[in-house]
């Protein structure tokens, strides 16, 4: 070897090592790993679905993220990395044609090779099923036709050869790359397996839940447990140190913590199963336990949603959800404002979130503090607690008390939610003299009813997918999402606001005027009190001292490839 | 009711009977029973405890030191202090006030369910035992089928269908609790109707209903009262179960079961929250069981001198 | 088994089947009167696919027709499909959970009978001594304190307490799947009933012991006492057997809370979760199972009677 080539090869090794260190899972060379690398934790509700075309809840997405892959993927620190694609897309100057080069070595966990035809089939299927995150692909020309059922082929998507994908967009969309990195609707699926096992049944058993991700499901006993194992020789690289992941289903939160304390679990907090406020306090108070507790910033907002088409708080009573006709008075406005002002959010955070540890009172609108589109610390005029004004407004709106008769607040029974609900009930009684019934249920049922637009007043929350206000507006507040079955649970429809956000969506996010536009749109939301935003969430988690690699970047748990269990 | 009714009167075939010739002694019989009850120390303690809780329950309907629903009265989880003798719960509510309210709920549900279930059971039991024949077969079949249904499950379904609320809960519990009483009364009626004084009454032309009311029912009254007494704590525990599962009287009602379920989560940082309702619940049930035992011993003819 | 017993057993089995069908029919009809339908996914927007979904569950038919279809399925042992988790057949799910609950239940019955009778015998033999007094008071407290309170105490003791004291060697592992996870929840479940059995055993043993001829024989010494005790014990089994039926029903209801607290994936927990998530297909299925289970348990108890008390015979 010549001297220069030696240097070159040495440099090559150095660069490769650096890249490996930056991209792949790593462990300090001196760590002693335990013999048993089984990662165990529990969750309260059973999964709703693991079909990427249907998946919706943050808890289910954790698994989808490991079993399936999309063109791109978020790294643990939210950078966008190529996954199924070999590099970032080539975008035409007018922004309307995106070309993706696909990896040639991608295979499913059952060995089936993946080509561009699989991507076309998968994305078409997602649009046809038109569920939660089908919106991630709506920018493609012809997408809405497939969603509506008037077309079976997706006009704007083509595969010139086996490893190239070309998408034509209706309009430039700077945020589409971020959407493609989300571990949901745009992942590639095995057409053979799904057609054979049934479009509805394939994701129910481990044998047919086939994806191209680093892990595969090896066992599922409904309502009891799930097991996962790494895929051998995964095309994407190192799958990390874990040899097995075991999930117990149906364990309540307090029991989870107890099992953690007797060494049965490595963590409480994975997949959105947050540690309850009572246990958070207990851990904070104990010097030994405190070291195991981490409070992550959660990009999550909680609030109270008011139904805009049915019930006493409706803005357009009797309107069809999604109907774009503007106008009319807003008979529910004073009620919504009164109910919002009657809640002292500082007291709420103190009681429901362990003295404001696992959440912070919210005064700046729906978008979580610290993310683009936040309205500022006083941005929500009706979040400021004013019992006297609330009472006066309420009496003006409902002098006889007939409007709130039989009012029911719906929520799902996570420990902190129960505390929020009971505190709302007490505060509405104390400050407005109104008796509200509490109706708890599990999360899938609440979600179901919210999408049917039959929840009059109930818990709302949103964990953001990426730091871009488009994620909020396009999923939660537009007229298109107000239709039954879609994500705008309040059925709020304001074409003026939609016009602003649509224009802002087309602009690149680093244009300084873009965020200002979204803020303008956001003021509609707080003035109309679509949500009475109550608190911004954090994610309290407890991890064993010998469990390393876990993290939470505010949106997602770190990937399982990063986890490892030390000797203990 | 199927759960936790300790000993139903041991020999239903040997009723607590007074023949016609013994009638003049009837007054002394009850006095004798009362005297024996008073001598039973644990039963007296039980009566006192019940008395205290009844008083507390009645007072709680009109007044509690703080409103039972009012939150943030002080720092959450605070232990007992002068102004809050039993401490504050995880919402900052006064536990003493809530325990008082819980007494009201427990006793309303307990006594209410016991009374209603007893009435249903007595009517059906008398009818089946007295008239026999097809009516008896029908009622007995109903009883046997109902025994096949776990009561908690039936009550849960009823609560889901009809809704939560204290009247619905009382109804749901009663609908499952009448079985034991019906069986008891039926057994008593079956043997009583063969006695001579019933024959005598019939021969002089007394109407059936009068026989039932004047001769059979009073003689069966002893065991009925004992059974009814046992039904109260069973109903109270039943409601505690329902509240624990989140299906009892809805919040902010301070049902002891619901308080226990909330307090359990804070067991290790603030045990007083779960301790107080559990003690109250156990004491009340214990008291009723002691009184029931005492009553049963007091009317047992074999124990008479 | 005599012919009379066989006839009796057959009659009872018919009654049990009848009861199970009647009970679940009542629940079925009741649930179908509720407004709206508790469908799995309103996520579908396509009216075509939504109609297909309704059709899939037979929810587009009038309820009497649905009922007939359901009965037909029942005859094949098919309880239908979960409304919440589409594609999930109910029968295998419930069968698995039934196995879990029955295992737990058997453990609880063992605790009840063994602990209860031991305590009762002890109290009877040492009647009116401090042993008797303590045991009897313990028994009353045992069934007065609700089982979830015992569960709290046991969990506190076995999960966190022992774990800390033994530095991680002894503790109760919350969850299900290993044999050592059975005793503690079984104990929590069976304790109140053990107390009842203790009282019954004591009372019935005393009845035997108190009789004059027994007192004379007792004075004769050890070997006579052993015979008497054995006779008394067998006598004591009868009231216990009487209460075994309601006891099993009580254990079934108690299992709902215990399964929840100990994270046990059994029928009781399933029942509560399916009610809360309004998965009515499962609710109806659980009810059918429970009705059959209670009936069968009572039948087994009744068939055990003649073994314990030779005076009882079936058929005439």
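Order as written gives the chain letters A, B and C; numbering starts at 1 within each chain.
FYI, a residue touches a chain if its C-beta (ideal position, glycine included) is under 8 Å from a C-beta of that chain, and two chains touch if they have at least 3 such contacts.
On a predicted model such as this, the values are computed, not experimentally measured, just so you know.
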Quiz prompt | Interface with more contacting C-beta pairs, comparing A-B to A-C | solution = A-C
Self-check item: Centre-most chain [mean C-alpha coordinates]
Solution: C
Practice problem: List the centre-to-centre spacing of subunit B and subunit C in whole Å, with centres computed as mean CA coordinates. | Solution: 23
Quiz item: Using CA atom averages as chain centres, what separation in Å is found between subunit A and subunit B?
Solution: 50
Quiz item: How many angstrom lie between the CA centroids of subunit A and subunit C, rounded to a whole number?
Solution: 41
Practice problem: Would you give the residues of subunit C that are in contact with at least 2 other chains, written as numbers and ranges? | Solution: 160, 260, 276
Exercise. Identify all positions of subunit B at which a residue touches two or more other chains, and write them in rising order.
Key: 246, 264, 268
Self-check item: Multi-partner residues of subunit A (each touching 2 or more other chains)
Solution: 413, 440
Exercise. Would you pull the subunit C residues touching subunit B in the complex into a rising list?
Key: 15-16, 18-20, 22-23, 27, 30-31, 34, 140-141, 143-146, 148-149, 152, 156, 160, 192-193, 196, 199-200, 203, 239, 245-246, 249-250, 252-254, 256-257, 260, 271-272, 275-276, 283, 286-287, 290-291, 294-295, 298
Quiz item: Mind pulling up the subunit A residues that touch subunit B in the complex?
Solution: 253-254, 276-279, 281-282, 285, 347, 350-351, 355, 413, 415, 419, 422-423, 425-427, 429-430, 437-438, 440
Quiz prompt | In the complex, subunit C residues that touch subunit A | solution = 39-46, 48-49, 84-88, 93, 96-97, 155, 159-160, 163, 168, 171-176, 260-263, 265, 269-270, 273, 276-278
Self-check item: subunit A-facing residues of subunit B, complex
Solution: 69-72, 76-77, 90-92, 246, 250-252, 264-266, 268-269
Self-check item: Contact set on subunit A toward subunit C in their complex
Solution: 42, 46, 48, 54, 56, 128-132, 147-149, 198, 200-201, 204, 221-225, 248-252, 255, 258-259, 261-264, 413, 440-442, 444-445, 448, 451-452, 483-486
